[in-house]
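Just so it is clear, A, B, C and D label the chains in written order, and each chain counts residues from 1 on its own.
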């Protein structure tokens, strides 16, 4: 039997007709750039092959993983940020975290995403390779990008904003991508409002903090987090790998992302995909 | 703008026409049943709301995650198991693990899976609610199941074998699902050969160990792991939640699974999905 | 030069004249009995010899330690327990823990202990090998023990109460020492008051919970913790190894214990010593 | 009863006559300077007061500790370093670490130390506040220091070498103490031989790496580790706090150090003490 035979399922037919998968997740490696605000990524082998060999010659190696949930490519659950003591929907933050986990608004409540995704390649619209350090991407920049690409953004979409900063992820100097001194480009309050008005489901960026960080200020205020997570219940995805989709000008795609069901957590590492049908 | 407008992408059209998503991953909670061979699942909030409030009234909570990679629903990379000192393809296990990570055959080399998936509901074919403890599912059982369901299994497919044991996952007695004393149902060497002959891409089960565990013997020998991982390079997925797809008789679907790109690890927690087009 | 020459320091002279050291700490091993209320003990080698060899042939192995601070032999800081929202001295528990660490009353505030220590071998006084499971050691038992041993207890002393339960620490069935179903012997509210009246500095036991646990009740109420930690600021030491000192009838000694200065923590693993001059 | 009454134990009498304790351990805090070669120090509260309140109003908070064993003030076990595949005594390093722990030469084999300790205040002898960055302390420097202090060093002693570098531990710039670019002062191969010839039991320093690090070279070769740990079985203690003992000119004392009995580990965090009788 040919397993690529036409089935009665439209989705499966589309999959079996052939798809191209773009990996939007960064590899998780010890020593990779990450925010100093979160527990660092660690991975080690407690058991190696040969430590314990079974009677039949078999042996198994295994891992211990230690990490914050906001390191590497990750999604922010709505429990992550509060404003004046309130989470999204007016939930009392202090009460919600009793027990050391968020039964409400934790990352286990984030449904898997299989949705229309749109890449907004901002520097391409600005005629640059990358937005400068600390540059605030404006609503006008977003409009210009949509216009150039002919990819309108609508309700329920997942919008990924490329600043070009992601090219520094693999820089030898691991502090460059974090950008504490230089600042990092991204949207600010106005860009967040632009996204909220379009009622997107989630928004992502190729930077650690998603939003614009002015030089030397770090994470002192994060207005886009407040507007998107707290005010509008829009999920944020950070540290995305967007260079490859941008290079191939894949601006519209099926966006796939499945957060781990970490019960009560404020975020989850993810490996999102952009998937398109092959010609 | 209607974002569900017909696009030029067949896959995105199928997605936007409506899909039903079945979650095949177990929630990750402190205290859930897991194999004692792996570091236990832990999750805690180092920072809670109110610990550090920004000038504008904003506050962020975050997590620390500590876990083995073979706990909860997870995938085994080919680096996980060796036989007589060799990994799949004859790779020398001792050499491959120098440095404390598997550059070859680590879980970062497992490509995201968007493939035809087949659920084999074995107890349904046997006329039972669940296979008995320690029962070895035979090739004849698998053939009978395929026949009853009319879902042939072919090259590149992902095959999920339901034993019914997954109904114990939420049992109050957390040791029942692990089944050390009782044994656990699953395929043995013969069932593994059946899968390998069909050249499947990956195989999963609703149990911790994937394969049949005789009563009281634990993981003393694991022939299916050897045949599938080492001999044939077929990935294994364990601790799947298969009750819901079985209940709805969804035997064929688009299987989605995206392992975390944990560089050099022997496995990864995953949250696989079975997706079907809505009528 | 003889380094054991008489110095001008009385303490050093006593040390150099010869001392016998009793180790009162349990080895910390993966899988040892511990309370299920605390993160389990884990230890692994991220780097092994040969993973990275220096130019000169040198190589270093190292460890990753993951554990609760109330596992193995450990001391409870005053921050560990609150009653009606108050820590010792009326400190507001909710306020004290903001920031995720106890600047006040954390284990870093526990000074190293070099003090008179007294072992109270209760079963020896009762004419038994061990107190029965769930037995509450009474003030009369403590008085009888002091009397038999001729070791009065006074202000500033460290008092170690042997119940004999510690002989189960190495039992093959790792659940016996924890004693959830059987109960565990120890003092109750009355015994705690007896200790508090004598103004001891710290009190210890050869059990996980220090105090009497009735069968099947687990840690549902812990009156001795309240009386000692909260009401009187007396430190508790748990999971002590007291069999050897008891065997040698060493009832009075120099007690040495140096908690790790874990800033803000509620406890610390320790390896206390009983030291006596050699004849 | 006066508990300070003269007992029949010489050591306890000396203790009860009054002692002054110098704390030679650094507080363990998140973000403190540490070697990038080891898993970073992390500490968090999984349970806070109020998360779970017992019927009687009681509540307990607890911790999760995640750390390398060579961070903060710590001792190196003999298992830590190998040379040409051999540990101290010719033990085969590869064989010794099978199972992921060192049954031989692990830190659980390091006996508690209650010994004569000698502080060698090298910069005081050199007429400086601190040795310069990258300065190699020579045998002549050590001799001059012993001579100035009139504190000969002999078999079984613990020798603590002050370079003055420890004053940078609390520097705002957390990279200064690590000293990767600047280099760090300490002994080299010759100083290690000087110590080995005197058959000391252990040697310590106020720096992370114990020995001299030339500017920019990091830990590329560590000859003193080889000579002391591998060739002579002499333990090393790093990141000591020596400013206070130096200030008070306490050059000879009872040295107390009790490593945690971490079964099979290559090192342990410690909090060593220098103790002297009060006048």
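By definition in this document, a contact is a pair of C-beta atoms (placed from the backbone, for glycine too) under 8 Å apart; a residue touches a chain by one contact, two chains touch by 3 or more.
Please read these numbers as outputs of a predicted model, since none were measured by experiment.
Listed by label, the chains that touch chain C and also chain D are A, B. Its C-alpha atoms superposed on chain D, chain A is turned by 180 degrees; the angle is given in steps of 5.
Interface comparison, A-B against B-D: more C-beta pairs in contact at A-B. Of all residue numbers that take part in the contact between chain A and chain C, over half occur on both sides, making this a same-residue interface.
Look at where the CA atoms of chain A average out and do the same for chain D: the two points lie 43 Å apart. Here the CA centre of chain B is 46 Å from the CA centre of chain D. Look at where the CA atoms of chain A average out and do the same for chain B: the two points lie 24 Å apart. Contact of a single residue of chain B with at least two other chains is seen at positions 39, 42, 44-48, 50, 64, 66, 100.
Shown here, the protein chains touch in all possible pairs.
The touching residues of chain C, counted against chain A in their complex, run 42, 44-46, 48, 64, 66. Taken together, the chain A residues at the contact with chain B in this complex read 1-3, 7, 9-17, 19, 21, 23, 25-30, 37-39, 43-50, 54-70, 79-85, 87, 93-94, 96-97, 100-102, 108, 111-112, 114-116, 152, 154-157, 220-223, 225-226, 252-254, 256, 258-267, 269-273, 275-277.
Residues 39-40, 42, 44-48, 50-52, 66, 98-100 of chain D are the ones that touch chain A when the two sit in their complex.
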